[in-house]
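Shared chain: chain A. Partners: chain B in the first complex, chain C in the second.
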Partner chain A sequence: MAFSLASPRTPAAAIRLLADAPRGDVEVLAGGTDLLLDLDAGRVAPSRLIALGRLPWRTLRRSGGDLVIGATLPLADLERDPRLPRDLPGLFRAVRAVGSVALRHRATIGGNIARASPASDLLPVLLALDARVRLLGPSGARELPLPALLRGPRETSLTPGELISHVVVPVRRPSAYLWQRVRPSNDISQVGIAVARRERAPYWAVALGGVWPVPVRLPSVETILDAPVPGDAQVERAAQEAALRAPFVTDKRATETYRRRLVAILLRRAVHAVAGAPQGRSR
Partner chain B sequence: MRTDAPAKVRGALQYGADLEAEGMLWGALVPSPVAHGRLVAIDAAAARAMTGVRAVVTGEDLDRLLPKGGGDPARRMFPSDELTYRHQPVAAVAADSLAAARAAAAAVRVTAQELSSVDGIEEIFPDWPGDEGRRSPHVVAHVHARRGDLEGAFASAEFVLSQIYRTSGVAQVALEPHVCLARVEGDRYYVRTSTQAPFAVRSDTAEILGVPESKVVVEGSWVGGGFGGKASALLEPYAVVLAAAAGRPVRLGLSYREEFLLGRSTLPAVVRIDSSVAGGTITGRRVRLLLDAGAMLPGRDFATGFAIGFLAGPYRIGAVELEGYAVRTHKPPFGAHRAPFAPQCAFVVESHMDAIARRAGIDPIDLRLAHAWQEGDETPLGQRVGPFGLRAALERAAKRRSEWRADGRGTGGIGVACGFWSTGTGAGGEVSVTLSRTGVRIVEGEREIGSGSVVRGLVAVVERLTGLPPAAVRLEYRATDAAPFDSGVFGSRTVGALGRAVETAVRTALATLAERAGVPEVGLVYEAKELRVRVRGRARPLATWLTAAERKDGGLTVRGRHYGRSGAFDAGRVLDGEFYAYTDFTASVALAQAAVDPETGAVRPERVAEFLDVGVALDPEMIRSQMEGGIAMGLGEALTEETLWAASGRLGNPGLLDYRVPTLGEIPPLETETIEGYRGAGPFGAKGVGEPPIIPVPGAIANAVLDATDAQVPELPMTPERVARALKPL
Partner chain C sequence: MSGPIALTVNGRRRRVDAPDAERLLDTLRWRLGLKGTKEGCRSGACGACTVLVGGRSTLSCLTLTHEVAGASVTTVEGIGREAVGRRVQAAFAREGAVQCGYCTPGFVVALTALLREPGPVASAERLLEDLGGNLCRCTGYAAIRRAVEAVRREVD
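Up next, the complex of A and B:
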């Protein structure tokens, strides 16, 4: 394992380095919590790493109705934001579900999104909250809805030389994130489910992790819910729909059958948590 | 305080991973690419041509490198024909750096003809085998014993409860992977290694290399954890042949991934257990075990006869039949891990006991109290039970259960489970003890493995015997060519067996001094950093009672030996195979409260209490740490830890991400209590405490789940999915 490490100080320099490098020969290093495993196992062998740690993107600010999170902000910093539990309870819970305390001091939100893991704890809640990503590349900046970025495991629609600079999350929507894993304190979730409720129709957003190939929204489930406080029968139909539609597979962490059972259970709990919570608060 | 603590906190102690020597090369192993197959060819040309590669060794090189070309053909270092598990070493490489060694190992081309593999025991025996079991070429061991009229008991029972349980393999997960450093000087092989048992590594290494033991010198390093995986040779013979081939010292270690693949995991088992019950009494029990032995060589399995002794439980039962098979599969050989297989056995028996209690309408603790062994009872094989604190532990557990039910601090079910153990003797051991002006020096071959049994346990024996402070006692470690023999730190035997050797040595020294002083007894005192002898109430210089030669040697040196013997069982009850007798009888009882999510099946332990029969508590603080560690490890085996073996001998989770040891977040409040007064085989009646604490934990959690949900989970670990399946079939 031999590579050169570049630590550009400006976004422009980072993009230039990235655009100049031959494809497949360069990897982008944010927190490195996933990339370093790949390097160690020999799954990737770049000759150059571009570290983003010096870029001015370790930021967190509020703008209008949005929370704008810098791509290289460590999750621990996001977790410590005093307003997050109230503003975005689902995101707060999801951030705390990622790895361990130590890992969250390294891992970044941009890295988590760019790795596009099927088991990501952050992607479901960001999808449910209609998060957008700001990208910066050789031909300038653009903003995409998150689903347009996610292609598959470790696969995004970023173009050569393009980086995620910020994640934009609309705030003040009640939301919840529930997960299930074998080892609660630190594990990959078997299923993660995020729900968020808007103020007017269509009310509900439901998104899932622990699926294949990448976390998704479940529009047919959202349609069934269709009321600020859905009735029990409605929730039950939504739960059954989620169990039916979710793109689950069997892997070493859980069987498909168990995941289908789990998603119905967790959806019921998540919807009830959000529907029953005072405005702006939930689990 | 532990004498090793300051240096460990400062990072100053030399662990195996710190071993270095001038001119040292780095080794790497070349793994078999198949679980089962024929070795066709090994092409090392590309590897040999790589920069920094100093040696590539295959089976063909052994004739050149070793005086007799190797030792016991059954234990060949490199297979010459049949490959029997994936990652089995087929060649080894030494290079200037670890990266170069690993790259070269990856460049060695191994051609194998893949054969169909046996991936699990139930492929061979989907049901309990009849007579064909003994004749199966897959069986490497068979044990069978009977006591009493089982057919009669079953025929006259009110009910017979028949259950099947399955357990998974668990990995060692010592923080420090296996590592050693070998060099060759003339016809002698010197090995420094992270081991629990330097003398066992010496004899193993010599046997595998085909040289006399006197040609192998083993020196233990400080050990970053050992639970049985470091109690015999693993890497040492490979490091030796690499050093012989390269003419330079070679350090060989496992990566953490390799640790999962080669580091001696335990393997899965299936247990059938049937009990007959009449009038609230268990009248008969039949236990049938199928143990996955992996690529274990015939004649080397100890686990089946050892484990099956635990499977009837520490209970008085009139008629018992025990039968077990070790089945060879294409996984790595079965390894011993903290109370080898006993937690799994206790999970089975104790789950079964609670099922009986429910069916019979008896409180689980009452059922156990009614059957618990007491001194004078007989084991199924007819060994007399010695002093045994099981009833006392159960009574304490009953009291604690009432307190828990009343205090409302938990919401979940409460379960109890019993475990039993016997302090190991090993092949015995010796120490050399010197009384000098500066204190008491114990010279031996064992390093501390982390439990405290050496640095605290042996010292505590001297403290108890003499009243000296710990500062007056020093341990010195020697390599096997200079240390007195001892069989190693395993089987909870360090204090129980080697501690007796220390006790004997110190008593002999005191008696010698008393004789010279012409008094019935003398004492030792430590004042102003000087060891003095108290004769008739007066502290006098030690030198007063030493001979001129002793004064010249620096003190009075005495050997202490302890070759403990197990009790005897009735060989007439053994129909086949090898069983093991016990030295003493140690009880551990766990009480667990756990909440279960009735839908997802997630189990959340709320608290665990444990009651341990220690004989005498030589160091209560160290015992507590062993109990807390054992409970934590037991929670892992209960709920999260398993090796995921897939088809063709592939391990699905060779890493700490998906092999889930508990973190602090998984450990609930723990309560520990010791029970004294039931004498064991160790010094002052102490019993070993390394292994007993883990044994009852999975069973107690299982019974807490049963109490919470009315469902039994017939498989370890009790992952949420397995619990959910038990609550409502998927």
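Up next, the complex of A and C:
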């Protein structure tokens, strides 16, 4: 495992380095909490890493109704934003679900998205909140809805030389994120469910992690909910629909059957958490 | 980027000539002889290798040494250089929050960082939750919990 490390200070320099490198011979290093495991295991063997830690993307700002998160902002900095628990309770809970405090001091939101893990705790809530990603590459900047970026585990639609620069999240939608895992701390979720509610129809967004191959929205479940405060029968039908439709598989963390039972329970709890909360906040 | 880099480790300026791929954990243990920082899982799951980088708890097994060039690093050997770290060490000793001792440096460093966060001291419940990234394979958690609660009362 011998590679050289480049730590460019400007986005232009990072993109040039990335675009000039032969494909497969270069990896992008953000927080490294996942990539370094792949390097140790020999799953990738690049001759060069391009570290993003010195780029000016460790930023967090509010713009109109959006929270604009720099791609290399450590998750711990996002978690410490005093307004996050109130503005985006689902995102706050999801960030706290990632690894441990020490891990979140290095792990970044851009890295979590770009790794596109099926078990990501952040992707479900970002999907439910209709987050968008800003990309920067050799041919300029563009913005994509998050689902257009995610292809599968470690696979995105980023073109050669392209990087995620920012993540844009609409704020002030009540949201919740619930997960189940073997150990509460520093473990990977077997199932993660995010729900968010808009002010107008279509009201509900529901997204799942712990699925295969990548976290997804569940449109048929969203359609069933179809009211700001759905009735018990509606929630029950939505829970059964989620159990039926979710793209679960059996893997080392849980069986498909367990996940289907679990998602019905978590969906009921998550919808009640949001529907029972006043506008703009939830548990 | 190869070539020697400078780090401040426990208050001392150090130059290290580490390969680009070297982890901070290995630099500390094998180049600088600071064996207090332990290698547990080497995959970010156990917290035994926790050190402070710029005052923030960091998993040295998942950090490349070159990424922290110029930074200030504090290991368990240096954690007693200031008051909070000394109190944490004393509380662990007093409460016997040590069985085999392998996880202890990680716990001491991680707890010191939590207690030094700006703002009001976190509740004992929150401190314990935020120590969830540190595992004790002896399951000596009862004494660790006592030490956390004791030192929290002292610094609050």
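Basically, the second predicted complex is superposed on the first by the 283 of 283 C-alpha atoms of A that agree within 3 Å, B and C clash if a C-alpha of one lies under 4 Å from a C-alpha of the other, contacts with A are read in each partner's own complex, and residues count from 1 in each chain.
In the analysis below, contacts are C-beta pairs under 8 Å (C-beta built on N, C-alpha and C of every residue); 3 or more make two chains touch, one makes a residue touch a chain.
Please read all numbers here as calculations on a predicted model, not as lab measurements.
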Which partner, chain B or chain C, touches more chain A residues: C
Touching partner for A:Arg23 - first (chain B), second (chain C), both, neither: neither
First (chain B), second (chain C), both or neither touched by A:Arg200: neither
Touching partner for A:Lys252 - first (chain B), second (chain C), both, neither: first
Chain B versus chain C as contact partner of A:His105, first or second or both or neither: second
Partner chain in contact with A:Ser185 - chain B first, chain C second, else both or neither: both
Overlap of the chain B and chain C footprints on chain A, listed as residue numbers: 1, 100, 184-186
Chain A residues touching chain C - in the complex, by the definition given at the top: 1-7, 29, 32-33, 36-37, 39-40, 49, 51, 53, 76, 99-103, 105-106, 184-186
Chain A to chain B touching residues, read off their complex: 1, 100, 180-188, 190, 252-255, 257-258, 261-262, 265-266
Of chain B, residues touching chain A in the complex: 99, 599-600, 602, 604, 639-640, 644, 646, 652-653, 657-658, 660, 662-666, 719-721, 724-725, 730
Interfacial residue positions of chain C with respect to chain A in the complex: 1-2, 19-21, 23, 42-45, 47, 50, 53, 56-59, 62-64, 66-67, 110, 113-114, 129-130, 132-135
